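Here come two complexes built around subunit A, the first alongside subunit B, the second alongside subunit C.
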Partner chain A sequence: MTATQTDISTGEVAAEQRVTEEELARRARQKELTSRWFWRILSYVVVLAVWEFALLDIFSWLRGNPLDPKLLPGPSEVLATFGEIWGEGTMPAAFQATLTRIAVGFGLSFLIGAMVGILMQSKWFEGFFKDAVLISLSAPGLIWVLITAIIFGNRPIGPTIAIILTTFALVTVNVSEGIRALPKDLLDMAKSFKVSLYKRNRQIVIPHLAPYLFTGLRFGFSIAWKVTVLTEVFSSSEGIGFEMRISAVLFDMSEFLTWILAFFFFALFLEKVVLEAIERRYFRWRQAVVAS
Partner chain B sequence: MTTTETPRRNDVSASTAMSSAPNPLAVAVRIVKSPHFARLLFPVFLFAVWHITLAAVEQVWPFAVDVLPTPGEVGAFMWDEFITDTLARKNLYETFYISLRRLMSGFAIAMVLGTALGLAMGLSRATNAFCHDWTMAILAMPALAWALFNSIIFGFDDRGPILTVILAGIPFVIVNVREGVRNTPRELFDMARSFKVPQSRIIRHVLVPSLLPFMFAAARYCFSIGWKGLVIAEVFGGQDGAGWTIKFWYDAHRAHGVVGYAAFFVIFAILFERLVFEPISRRAFRWRPQLQTEVVEEAFTENQDLQDQERPVR
Partner chain C sequence: MADIKIKNLHKEFGTGDDKVVALEDVNLDISGHSFVSIVGPSGCGKSTLLNILTGIETPTSGTVDITSDGRVAAPGYVFQAARLLPWRTVTDNLLFVQEDRSSETKQRCQRYLEMVQLGDKGDKFPGELSGGMQQRVGIARAFCIEPDVLFMDEPFSHLDAITARALRRELHHMWAETKKMVVFVTHDVGEAVELSNRILVFAKGGRLTDDIGVELPFPRDPSDDEVAVAKAHVLRKFEELDLLAS
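What follows is the complex of A and B.
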């Protein structure tokens, strides 16, 4: 509504008054921002308060019988447990184990997914890989985790294969989406000027695909870390998933919540802050990245 | 020989029919080059890789072969399950019926609650600011965490898995419905109001049609994510259901059981997509020239804050 007011004012009102209009608009925006932050902060306070004081009763009501308070620790207790575990010094090792697994598994998955996506430029390979992509997208990650766990046991190759099978299709889908949006005129021109296949790929296809690859990377990572934690629950003796399973088996809920929340925040940080910052930096030259 | 149609299968009868055609070699080349042939080649290729892997493993570690399932074993297992001859406590149909019932309860609750919240968030800035971060947090949480948590809270009954389905699916509904509300054409509302169209008809003819594709995307995602969450929840907090049964074969250390059941999972998901969502989508969007759903996937937060600022929120 502020926008329409300024529109009307620009035509007829004198310059001094326009300044006040702009000032008004600025103030309105300021107010809007304040209100947004007010609600945002209020939501944190409310949710944490509900968790600390009321969640136990809510779950007891849902269960139909009272819940042991030990099974649902509040945020303050989780924070205290975090301090304890951090003091023990086991956390960095567990993080490292999980992150290594993600890096190896998802790195390979990304390469395979991108290669399959590029192969799917040709109709023949599109037909060939269609069902593989469909299955990978629609099947629950749990089945790959269980199959690889039963076949490979505790060997590190099992989780790697499970991660690849769950995430490669996300990369493939993004890459083939990018390929569908390739600048055909450029490619046709390059072809008619007899530019070599390698050069065509290197100088037209890859720069065009880069943002799509990046979207695939971010989507894939958000799935990959979840699958990795799941594989560790079944077939591993270290890492976040393993610690989660141990604490769940021991009914130590505050430890359980500490592990999952710690890794959750870490993964969110990687996903939303680090990867997005890299994306912004790397694609600064683009006006607007239109990657689905 | 017609040149326009490529035969879908190069089975024996087709190839014998073709031998009388002028140039059998060209025809064969064309068949091999067709995408349909490639699609059919994929399972063949998969089985070949499977056999070769088995043979190779037998050479290197003869003792490991006991663990590895052969295609024949898996096929036999799936057939036994199919004709309800099973060692598990419940047969295939009962198992999937139980899981489907849980999935549907969770799905329905998630759709109703999510639509209400999404509408509220699309219509009011304060609600949006209040719920946005928590929706994102629930969305990014792995289903495994919900599954383990709910199994500890609720023990072994229906409520844990159902709550997992709700928690896994609801953020997709919220976000899609909110996008849908934001994308409703404002001019149509203004025009309807200035022509004094009654409120009920505005809702029926303006809001619902523009919301429908988003609702549909929401349902699709909620369903598939809910299904993935449900099986994990059943593994940890169930006494029956599809997730429990695959865990049963896993604990019994029957690799062919695990692989066979996994195949049922895939078949279930694909059948549902083909038999339920695709026909509905075709029917509901027949009036559209093409489907333009901006499906909101995992990482839809890009430029979210930007949109919050730029888009007028009604």
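What follows is the complex of A and C.
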């Protein structure tokens, strides 16, 4: 940073220079943003270029004999297949099936998880649920997927139970952490101002718990999403996972990768559009804290 | 006008060997447009007294009556930390303690925000304000419910000296203008002398040992001779207490 120069004869600060400093700061921010995007986009370009032009050769060399190009279609071919499948109209139906499963399973899981989190504020219930929560957090989702697939076959209850068992603990942990961190000083303040219980809950407890619930929702959803697709791979007759299984069985790698691509787009949309919009809408005050 | 009557107030924490007496047989009347400071060393029960007055804690025995013209008085509070809801704007923080959100109420809140010189900060979140500004919001919040009596618990102790001084001046103006009763807990004797017309000195063990009237004209400059003498007088009381304790 340069020091502000003062004109000795008039004693006035050179206005030009101050404008330049602001301008410089703005340009620096702009540059920082541009270069961040540059590196982000570059990663896509590099990965796609290697995949399109070199990956087949690399894999063939690693295998010690040539790989059938059908088993590793390039991004251009996958994109073309994507267009075809999109045109057939099966994609929205598959997404709808998968998302309905997630909504039902994770919706229930969220309720159960929150309830267990509230119950765990009592010493006895904490003892009762503690290990169950720990097991749910640490056990790989695949275990529940296999067990429910064996027991329930392709009945819709199977994925629902698998989702609940893999995700409720995430919600529980966040909820009970949130309750434990309730801002006693604010609640005391409200009480001494004789603010009603309803208003205290509505304006202190819920906004305080919201970020905890949101974290539970976010992580829980990302796991519910994976588990659901997994259950569809094993034991379903519709949904994204099912479509993946069919393409894999048919050795149609282009279609298989198309479904992965669709999956990826959707996850990105969810993260960047839906979740960030929620965050902007409801957690503006946190950004204010960060910005100041 | 508000009236506070405290009779044979006693407060203990714990039982058996862990028993701690926080307040011992306190009798006290406060009335009218007073600015009463409660001073004393740490652990003399001054915060406990305020917590009982504000209803956060209940006394072990004895009674506390806070009335205004024969009815239960409406109290307002300013805490050591501002205690603002971080997820609400400044204006919404003021409205949070109001009974309604009518345009009249909103205008009143705005008026008190202007009184603490934050008239243009209503749309900000507390996180965007400095510590001094947040404390000002806390003061405006307490005033804007137009309480009969205002309780303040070391409201300036977390602030830097210059901010604290400016806020003390604002507080004095608001007290003089609104004619409220203020009960002010502090460990800063200078602050107590500068603001109050009555100083209650508490000793360790929760005994009220001195009740000092300060009859100097306002505004009081801490560097004035008379103010300095008054401060020295109160400090001497403190020293006497220390000698007794040791």
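Methods note: the second predicted complex is superposed on the first by the 240 of 292 C-alpha atoms of A that agree within 3 Å, B and C clash if a C-alpha of one lies under 4 Å from a C-alpha of the other, contacts with A are read in each partner's own complex, and residues count from 1 in each chain.
We adopt the following convention: a residue touches a chain if its C-beta (ideal position, glycine included) is under 8 Å from a C-beta of that chain, and two chains touch if they have at least 3 such contacts.
None of the values given here were measured: they were computed from a predicted structure.
Number of subunit A residues touched is higher for B, counting subunit B against subunit C. Of the two partner chains, subunit C is the only one touched by A:203; subunit B is not.
With both structures placed on the common chain, the touch criterion links A:61 to neither subunit B nor subunit C. In the superposed model, A:86 lies in contact with neither subunit B nor subunit C. Using the contact criterion defined above for the overlaid structures, shared-chain residue A:185 touches subunit C, although it does not reach subunit B. With both structures placed on the common chain, the touch criterion links A:268 to subunit B but leaves subunit C unconnected. Of the two partner chains placed by the overlay, neither subunit B nor subunit C lies in contact with A:53.
In the superposition on chain A, A:193 makes contact with subunit C only, while subunit B stays out of contact range. On subunit A, the surface patch touched by subunit B in one complex and by subunit C in the other comprises residues 292.
Considering their complex, residues 32, 35-40, 42-44, 47, 59, 62-63, 67, 71-72, 123-132, 134-135, 138-144, 146-147, 149-151, 215, 218-219, 222-223, 225-226, 229-230, 233, 241, 244-245, 248, 251, 253, 256-257, 260, 264, 267-268, 271-272, 276, 292 of subunit A touch subunit B.
Against subunit A, the residues of subunit C that register as touching in their complex are 54-56, 75-77, 79, 81, 83, 85-88, 96-97, 124-125, 127-129, 145. Taken in their complex, subunit B has these residues touching subunit A: 33-39, 41-43, 45, 67-68, 125-127, 129-134, 140-145, 148-149, 151-154, 159, 163, 224, 227-228, 231-232, 235-236, 243, 246-247, 250, 253, 255, 258-259, 261-262, 265-266, 269-270, 273, 297-299, 301-302, 308.
The touching residues of subunit A, counted against subunit C in their complex, run 185-186, 188-193, 195, 199, 203-204, 207-208, 284-286, 288-289, 291-292.
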